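Shared chain: chain A. Partners: chain B in the first complex, chain C in the second.
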Partner chain A sequence: MNVFFAALHKELLLQWRTRARVLSVVVFGATALLLMSFAIGPDAGSLRQYAGGFLWLALLLSSTLTLEASLEAETEQQALEGLLLLPVAPTILFYSKALANTAQLALLGTVLVPVAIVLYGAGTARPLALFGLIVLGAGGLAAPGTLYATMTARARAKQTLLPLLLFPLVVPVLIAATKASSLLILGDPMRQLSAWLTLLVAFCGIYWTLCGLMFGVIVED
Partner chain B sequence: MTTPLALDVQGLARRYGGRWALSGVSFSLEAGQALALVGRNGSGKSTLLRLLAAALRVHAGEARVCGADLRRDADTVRRRTALLSHAAYTWEALSARENLVFTSRLLGQDRPRERAAQRLEQVGLAARGDDPVSSFSAGMRKRLALARTLLQEAPLVMLDEPYGALDPPGFRLIDGIIRAVRVEGRSVVMATHQVERAAALCDRGLVLEQGRVAWQGPAAELPLKSGLLRGSEEGA
Partner chain C sequence: MGFLLVAVGVVLLLSGSWYGLFVSPQERYMGDVQRIMYVHVPTAWNALLLFTFAMGCALMSLWRGGWGWDAHHEALLEGAAVLSALLCVQGAIWARPTWGVWWDWDPRLTTTAVMFLALLGILALRSAVDDPEKRATWSAVATIIAFVDVPIVYFSVRWWNSLHQMQSSPETVSAPFIVPLRLNAFGVLALMGGLALLRARVAARRTARELGPALEPLPAGALVEAR
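Our next item is the complex of A and B:
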């Protein structure tokens, strides 16, 4: 357990030291939200109706930058290979990195919510539930994102490969997160929220389990 | 009574795509001995070291590294070996001290800060220990990578061109460290173009040519075999 916390501490410290990158990702996400609000037009009802979807779309687009950057620190001096030569289980390395990426994406999502409130009027009466949903959705993006970012880290076309591999895989997470967000923003008269949250939790569980198992295989050689 | 072997390599081979970078490599090294690995650029020295450190998968052949089967027990091999590679294996955004403290923690060692401080002192980086690695010169990165390798306290230490990027005091540092490691009864494998130094520091010598063993014998005879190395002076 100490080794896991050491690995997690290292990940969080690396993210803190490269925090200037986070600012650029936030600006990217906010710009995406702004552009999409212009595409809808001034109709307040439509803006509010689509706010959940656009929030997750902005987060998805920004996530590729965050995930790529998280692996950059490991590839500069081949630190990842160095880590794999230590007697540390690859699963520990994966879960520490995926958890740190979840934290960063959750932070990004949380920062984008006020932007969505201003642009789309996407306020909610249950801000804590929305925050929990963002953390859960960020986890659903971070686990496969960390795996694929590792796979593509040394590829020449990694900027193209990562979204190509990641986006189709996380569609169930995005659908569940978008629906749940919309229900939190627009209201939930039919009590559907728990069903979408259950779906989201299920996919998070599947991704975190499978990606953790596969990480050791993909980094082996 | 026979001396245990640090390395027992039989027909080791590795290919990249369709090209065999290493083929039919066989040799052994007694525990506590030092082996100098020499050969031209591209002869397979780095590949051999990375195979023996379980950083690459073996495509043919067998090897026992400090008693552990390289193909079946890579985790134990990694526990018993430390590799100084061409890459520094460090995080640029962290300080030298943080790099070593995290490595020590990941190794599950006690007193990581104390150990990191000792190693920084040993490689002459104590004064710059709190500076980010991104501000380091190539020679300083090499020293930090060496500190990281020594931190592992492995029974088999493998050094890939350890003199590369170092200044003359750095050369003496490497010589001293190899001697100190050997005094502790640990084994050393060093890939280098510094044939004279290798001959003075090591017991055994092995010359690789195009991925095959061209010669092996006492390290003292390595300079006599320099014809095999003509035109491959080290750019250290």
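Our next item is the complex of A and C:
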């Protein structure tokens, strides 16, 4: 367990030391949110209705930048090979990195919420539930995203490859998170929220297990 | 074997299509438009089947190793991608006269499109990795993860009560409709199986060339002597 916390500490420290880049990703996400409103015009009702979708699309687009950056240090001077020489199971390296990426994406999502409130009037009476949803959704993006970023970081055309691989896979996460966010913003008279959250938890469970199992295979080849 | 399967597939497809177009009776509600079912449904079955075979090859490639599995994996992925693209196009052609739209955000249509894009992503990954060993391992992992999508595609009609009809079975389809369906289903399977075998042979040759010993540099003055 100590090894896991040491690996997680290393990941979080790395993210803290590159915090200037996190700020640029936040600005990118906010810009994406602003641009999306131009697609449907200034109608306040429509903007509020689609705010959940816009929020998750902005987070999804920003996530590729975050995930790519999280593997940059490992690909420089074969640092990943160096890490694998340590007496640490690759699974631990994966879960520490995926957890750090989840934290970073959750932070990004949380920062984007006030922007969505200002731009779309997308306030909610249940902010804690929305935060929990953002953490869950971030987890759904981070697990496959970390695995794919590990592969694409060492391939040609990595900027194109990562979204090409990741976006189709996380469609269920996107749908469930968007629906749940919209229910939190617009109200949930039919009590559908728990069903979408269950779907999100199920996808997170599948991706975190599967990607954890597969990480060792792709780094030890 | 590959050419034989292709020939069998073409014969079966021609027979099934002839039966479906000229022998099978007209469907009561949709009329002649329904006849697209004889290619659409076999395409759907075989797209999922080829993806399943690709997943099997991916697992074997990781578990047992061997370049043969990787070559077949690549060929089956391409076959599944072609059938998924055809499936989306055929579905749109059938949807226009029956549903009134080319595309509907129905879960089954959406997940089929997602499966197609996921297959393209894996093929793009294969083309972006030069090292054959990494290419085989990474694409096998990507296939296994993307395969999670297949049961979602299959069961989406049951999970979400959608516009798309439930899966048909011999008990729910009239007897004259079953013959062309079966002929075309085995026809597409034989055709794509044959093409996959031939494509795997090409992939295996490319990998052998990549793994082969590097060409030795020409000795100094060799070009002058050759002149």
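Here are a few things to note about the model shown:
Just so it is clear, the second predicted complex is superposed on the first by the 221 of 221 C-alpha atoms of A that agree within 3 Å, B and C clash if a C-alpha of one lies under 4 Å from a C-alpha of the other, contacts with A are read in each partner's own complex, and residues count from 1 in each chain.
Just so we're on the same page, a contact is a pair of C-beta atoms (placed from the backbone, for glycine too) under 8 Å apart; a residue touches a chain by one contact, two chains touch by 3 or more.
In this text, all values refer to a predicted model and were calculated from it rather than measured experimentally.
By the touch criterion defined above, A:Glu76 lies against chain B but remains apart from chain C after alignment on the C-alpha atoms of chain A. Once chain A of one complex is fitted onto chain A of the other, the partner contacts of A:Ala44 are absent, as it touches neither chain B nor chain C. Once the two complexes are overlaid on the shared chain, A:Arg156 sits against chain C while remaining clear of chain B. Of the two partner chains, chain B is the only one touched by A:Ala7; chain C is not. In the superposition on chain A, contact of A:Ile206 is made with chain C only, not with chain B. Put simply, chain A uses residues 221 to touch chain B in one complex and chain C in the other. Those residues of chain A whose C-beta lies close enough to touch chain B in the complex are 2-3, 6-7, 9-10, 13-14, 17-18, 73-74, 76-79, 81-88, 220-221. Interface residues of chain C, counted against chain A in their complex, comprise 62, 110-111, 114-115, 117-118, 120-122, 124-125, 128-130, 133-134, 137-138, 141-142, 144-146, 148-149, 152. In the complex of the two chains, the chain A residues touching chain C come out as 144, 147-148, 151-152, 154-158, 160-161, 164-165, 167-169, 171-172, 206-207, 210-211, 214, 217-218, 221. By the touch criterion given at the top, residues 53-57, 75, 78-79, 81, 83, 85, 87-94, 98, 102-103, 105-108, 132-133, 141, 148, 152 of chain B touch chain A in their complex.
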